[in-house]
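Note sheet for the following structure.
Naming follows writing order (A, B, C and D), and every chain is counted from residue 1.
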Amino acid sequence: MPIQFDVDPSVARLAEATAEFVRDVVIPAERECGGSVHDAPHALRETLQKGAREAGVFAPHLPERWGGHGLDLRGQAVVFEAAGYSVLGPLALNCAAPDEGNMHLLEKVATEEQQERYLRPLAAGEYRSCFAMTEPAPGAGADPRALRTTAVRVPGGWRIDGHKWFITGAGGADFAIVMARTEGGPGSPGGATMFLVDAGTPGMRIVRNIDTLDESFFGGHGEIVFENCVVAEEQVLGQVDRGFENAQVRLGPARLTHCMRWLGSARRAQDVALAHAGSREAFGSLLGDLGMVQQMLADSEIDIEASRALIWRTAWELDTGSRAAAQFSSVSKVFVAEAVGRVVDRSVQICGALGISASDAPLARLIREVRPFRIYDGPSETHRFAIARRVVKPYRQPRPAGSAGPAGS
Amino acid sequence: MPIQFDVDPSVARLAEATAEFVRDVVIPAERECGGSVHDAPHALRETLQKGAREAGVFAPHLPERWGGHGLDLRGQAVVFEAAGYSVLGPLALNCAAPDEGNMHLLEKVATEEQQERYLRPLAAGEYRSCFAMTEPAPGAGADPRALRTTAVRVPGGWRIDGHKWFITGAGGADFAIVMARTEGGPGSPGGATMFLVDAGTPGMRIVRNIDTLDESFFGGHGEIVFENCVVAEEQVLGQVDRGFENAQVRLGPARLTHCMRWLGSARRAQDVALAHAGSREAFGSLLGDLGMVQQMLADSEIDIEASRALIWRTAWELDTGSRAAAQFSSVSKVFVAEAVGRVVDRSVQICGALGISASDAPLARLIREVRPFRIYDGPSETHRFAIARRVVKPYRQPRPAGSAGPAGS
Amino acid sequence: MPIQFDVDPSVARLAEATAEFVRDVVIPAERECGGSVHDAPHALRETLQKGAREAGVFAPHLPERWGGHGLDLRGQAVVFEAAGYSVLGPLALNCAAPDEGNMHLLEKVATEEQQERYLRPLAAGEYRSCFAMTEPAPGAGADPRALRTTAVRVPGGWRIDGHKWFITGAGGADFAIVMARTEGGPGSPGGATMFLVDAGTPGMRIVRNIDTLDESFFGGHGEIVFENCVVAEEQVLGQVDRGFENAQVRLGPARLTHCMRWLGSARRAQDVALAHAGSREAFGSLLGDLGMVQQMLADSEIDIEASRALIWRTAWELDTGSRAAAQFSSVSKVFVAEAVGRVVDRSVQICGALGISASDAPLARLIREVRPFRIYDGPSETHRFAIARRVVKPYRQPRPAGSAGPAGS
Amino acid sequence: MPIQFDVDPSVARLAEATAEFVRDVVIPAERECGGSVHDAPHALRETLQKGAREAGVFAPHLPERWGGHGLDLRGQAVVFEAAGYSVLGPLALNCAAPDEGNMHLLEKVATEEQQERYLRPLAAGEYRSCFAMTEPAPGAGADPRALRTTAVRVPGGWRIDGHKWFITGAGGADFAIVMARTEGGPGSPGGATMFLVDAGTPGMRIVRNIDTLDESFFGGHGEIVFENCVVAEEQVLGQVDRGFENAQVRLGPARLTHCMRWLGSARRAQDVALAHAGSREAFGSLLGDLGMVQQMLADSEIDIEASRALIWRTAWELDTGSRAAAQFSSVSKVFVAEAVGRVVDRSVQICGALGISASDAPLARLIREVRPFRIYDGPSETHRFAIARRVVKPYRQPRPAGSAGPAGS
């Protein structure tokens, strides 16, 4: 069975239905939530998800037993891109970050009881969740080993203390998955554990919603303080001290599904630019007949196709459990995040004044949305460091004794 | 007298006083006006301008007879960069766009009566103004010759009809300088005239303030409709049918003063990144000791120095009335607008989560501010076209007859 | 059958055998042909092709009836990349340009007699060939419609007159496929015909071998003059006046096979850089542990993977006869040509002095080889123009009458 | 005395005379030395230098007492650019690397006797010289502190042992300035000394001329072995153990004069592209009227002007002994080396087939010449590291104890 790029007919149908739903239902709703989705009304989410269910496109990523369409990552690649054509599309399909990644994590590492209690309502859209890992300096950021939030055993469970921020979806979330150090100190590689913490647990407090450049994540990006926050033993998610390994279960695919959704944004931006270039004149020519505009349009097509090819490749590596999946995951994250940024930037440039008007075209919004993508889920530099380290490894010569010193990334 | 880069001591003193004033007075005020300056209270502007007068740094660009420091463009280059360190700095010094360019225009082409009536209060900060040239498609945008707003002679003056948008500072402006066609039709090169139109003149109506990506222009970017708007003969600014030529009087220097102010933004962003890189650790190293961070910091230094060198060169060309000034003006506009964008983008990347938080650092705001700079005052493509046309001209071979035809790629 | 990237086991085996053969036989032979392959001895080619036959890797692209392995383009993508690891590899496997493309063309459009006479010996490596299309200005270059070489009917056949240059492989070729105009004049889209012209035909004269930046094409790049060169009727290849359409049969896949081979060069350059980075120290660190070096290595991995993904995608489009194949072919040509150039450039930078020494590493040679790839087979600009035109087309609004006129920027 | 960019009239006259001399005498001679200047006949150099003397443009950089025009670096910036318009121009004016830098070094640190013996004939063009610093791995390369060549005191002088390579101009040089370690071991910062070693001194042996990508340095790039090479005490140049400091006397200006000369190459390449764009047609348009070509031409103009502005600024910093000179020197080296590479690359692309033909235009040669410039005299990465370190320094927070480890560049 050779290399092939045919999309499975059932996936293609779902993607088409998604595209129609986004065009007819979701995009018209974009204006309703005005500037920021961060604190959009809960009702908007309910309406959109109801629409997605009626259109038969809800939860494409979930196994059928959890009410989804059971797509593997290759199938998700096609459908999520269609959903991402609007920043509200993934929310409508219940496949937005961070819920989508959390569902995957719960499906893989939660106990049956935990799945019933957390995954079932999350899959149904009744719950929302967040993943609380990132900390303010000098805590866990690009380097997760800097983790400072601690969990220590207390009678009947664990006490969590620490400080988290940029926790996407925190506002209004029904529960949080919290990463805390259960062994070692900041800088040590092991010894982290994940905990399921219900909203309202004493000692967990959302201190603010951070005012970020992007504004399309339902629930915003919260700053959370844990002070003497005690949870029961059964709230441990996965095994004690295996938090970092288990987080990889979430992060590998979650990084890629981000790429899929953002690629939809890039396609949207390019289509807006094409419509403008095909109708507006300047200097006696159609804009789309001017060489510099053609160059931008062509470069964006190239960026989109290269992004899609890399995403599909990575999805296949992950679907087949390949050892190369981690490397491809980093390669895709860096390339797609930067390519999507370039595409949106070019679309803005082609559309000129219209490109920077927030009310007259979606581009001014998209330029804000895509910039943080080069930072979220590991900044480009961290992934480049990881990519390089892997390829240098087999060529690494032993260094003479005394030539000590860790080098910089 | 050879090439030299010494800054005149009096200019250096003024720049230093400006830097101090920005640091001690203006930056603390940034938070006061919350998100957008577009509809900041008039009182903020008054307070800041009062502060600038007390600090002895008000109106560096104006001749002494109009209450300024009489700096030529080279002097302005140094002082405006210091002012631009805060997006509110130029406003405080009364050298922000579009007022600064309008003062220059009025000084050069207005009659004495017009100067008394418009320039005097503008120079004093009592008035604000706007320059109404850009029109929605298919009107005047990147290509000014597409101008569609008309002015026709009526008894006692002129009647203006048309539609303008992205008119910076329109909201609350005391008067507008309006470009209208007085001869020929859209596409014809000549025949435009500028008019001084007082706020409140019947027939001129601001229909909305456009919600743009950037938000640091006092008065925002307005959309204005002129319907049967009649002004008296003495409201003609400059000569009838010479509007395009006279606009160049404004645009050449105005483009460069934009560069000067934005360079201050770049310096600010780089300083924020340096402070972060010098204090935050990752992967066991100071951020500023990691190679990829060093590369970004070095590239931003290079961009800043190259921008400054080009701005100074262009200022000298304009100050000395050189024929090369127009070419240097375009070269600077393209390079500086793109370089400033790169610098801010790198600073955001270096600062990570902090870089995209609007409340915790100025970077998320700056990334919004600098993007439109590549479009305002002529998009990069228009300037590249102009640059290329000038250098190809002496090499242009006569084409054989009949080889006409539309161009393309 | 979903998206998948598994390489067929028989293809994988052939690719591995090719990689071994290149490593053990071809690379050691690189030094033998000194600086330039352009006028390497015929014996070198014979020896290498004999080796390839013995290794069982000869002619991977040819159908079995012509003595090959019958790979489709996806299979070729994998094997040609392995062959391209040395600039001499494709020559050894008899799949180098221009012979490889000419075999494909002859297989598709030649008569049975023509196949026996030209394709059989070409497939066996007994013949070499060239494809004579490009002309000096103002003839056919990036724009094939500018074709000026003419063929007019004379008793018993056709008389060809014209001037060609940059005809790869011309020196020592046994026959040429010549594109000549049989209808219309320069600039008209149709009316070209291909002719098979044997070496030694009176009136065909190679006037020089052009001294080019690259030097790895056997036979070099020749300049050919046709003066009163008469060929028989049966030398017409394909149909009269259908030369441009038939050339597409050759150019689509030929462009892509170029990409496959050059990707092997990029992989070679990156491996040289990795070996250097893994063994050399600077500033107290292993080179490969320095952040700026890691960034270059990571960017090259990304470029290589994105190139490969696009090549495979395009091969699938061509293999399945998709209507999107032409667009993907242009997308791949632009991306891969530029990516390969970046990879080699970074490898040179990483290797420093060694990178620019022609005798101590293959990089100085590769930098010369890959630069022209952005020009050969359609410069990047021509492909960008084609890509943009295709995507703008569905958005193109009818223009109002009278708004014609030359385009520009 | 404010910022100004007027070129001194006497400098302008000298630059114009140089431009004429290069156009009328040097460029016609380019073809004579065929491919490589590395082993061009001595007579060519004599003829060209004779011509320069007659044209009154010989040795612009030398003080009048040494037979030159006494230009400071700002004056050199203007004249060297004119000379660099041909790769042979600097040789003709006796201001090519490495002789030019060596003259400067000898003028600053040599004794009067040494000046008489070495500087006088070098200034007159009777001698040629080289600067032997770079060593094969793991010796001194980008990191000079890795120096391994040693000099130890022996009766009557010093014995030098070591291995140097990429020593520009070594072939045929009358003497070498050799950097050797006189204290400490590889990696230690101090303890190097410079020695004047006459050609023919026993123990100094040029083992080969390295076959490099570039080929325009008279005498090539030699590999030299020192084995028991004994020189007298008076051959020490500057003070013992102060070699690194004294080398800076040479390297700061030498790096900048490289930039000046290479900028001339960029101007040449752009002029070739302009001539092509102004005369050749494609797709029914003049090449220079096509948007993508205009973009390349404009970007090259911008690169050239930004390079010139930075060079002039740096020259002024060096001329006035500013503390910022080292930083500007690095900024200029990185920017100009990369900008010149981009300009030549674009010119090649614009000229297409002609751009890669070594015999039909100078571009194929220039692309080979300018690539190594990003490596010679400190690779871009080393300079970026230095630039970043300087700007981070004032922001560097003390790190907590125990957070050891030098990080990588």
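The rule is short, and it goes like this: contacts are C-beta pairs under 8 Å (C-beta built on N, C-alpha and C of every residue); 3 or more make two chains touch, one makes a residue touch a chain.
Here the structure is a predicted model, which is why all the values come from computation and not from measurement.
Comparing the centres of all chains, each the average of its CA atoms, the largest separation from chain B belongs to C. Each of A-B and B-D has its own count of C-beta contacts, and the greater count is at B-D. Inter-chain centre distance (chain A to chain D, centres taken as mean C-alpha positions): 49 Å.
In this assembly, the C-alpha centroid of chain A lies 38 Å from the C-alpha centroid of chain B.
The mean-CA centres of chain B and chain D are about 40 angstrom from one another, to the nearest whole unit. Annotation for chain C: residues 281, 284-285, 289-295, 381, 384-385, 388, 404-409 touch two or more other chains. On chain D, the positions that touch chain B within their shared complex are 1-8, 11, 72, 74-75, 77, 274-275, 277-279, 281, 283-286, 288-295, 297-299, 301-302, 305-306, 309-310, 312-313, 315-317, 327-328, 331, 334-335, 381, 383-385, 387-389, 391-392, 394-397, 399, 403, 405-409.
Put simply, chain A touches chain D in their complex at residues 290-295, 405-409.
Only residues 134, 137-138, 141-143, 146, 165-166, 187, 210-214, 280-285, 289-293, 345, 348-349, 352-353, 355-360, 364, 367-368, 371-372, 374-375, 379-381, 384-385, 406-409 of chain B touch chain A when the two sit together in their complex.
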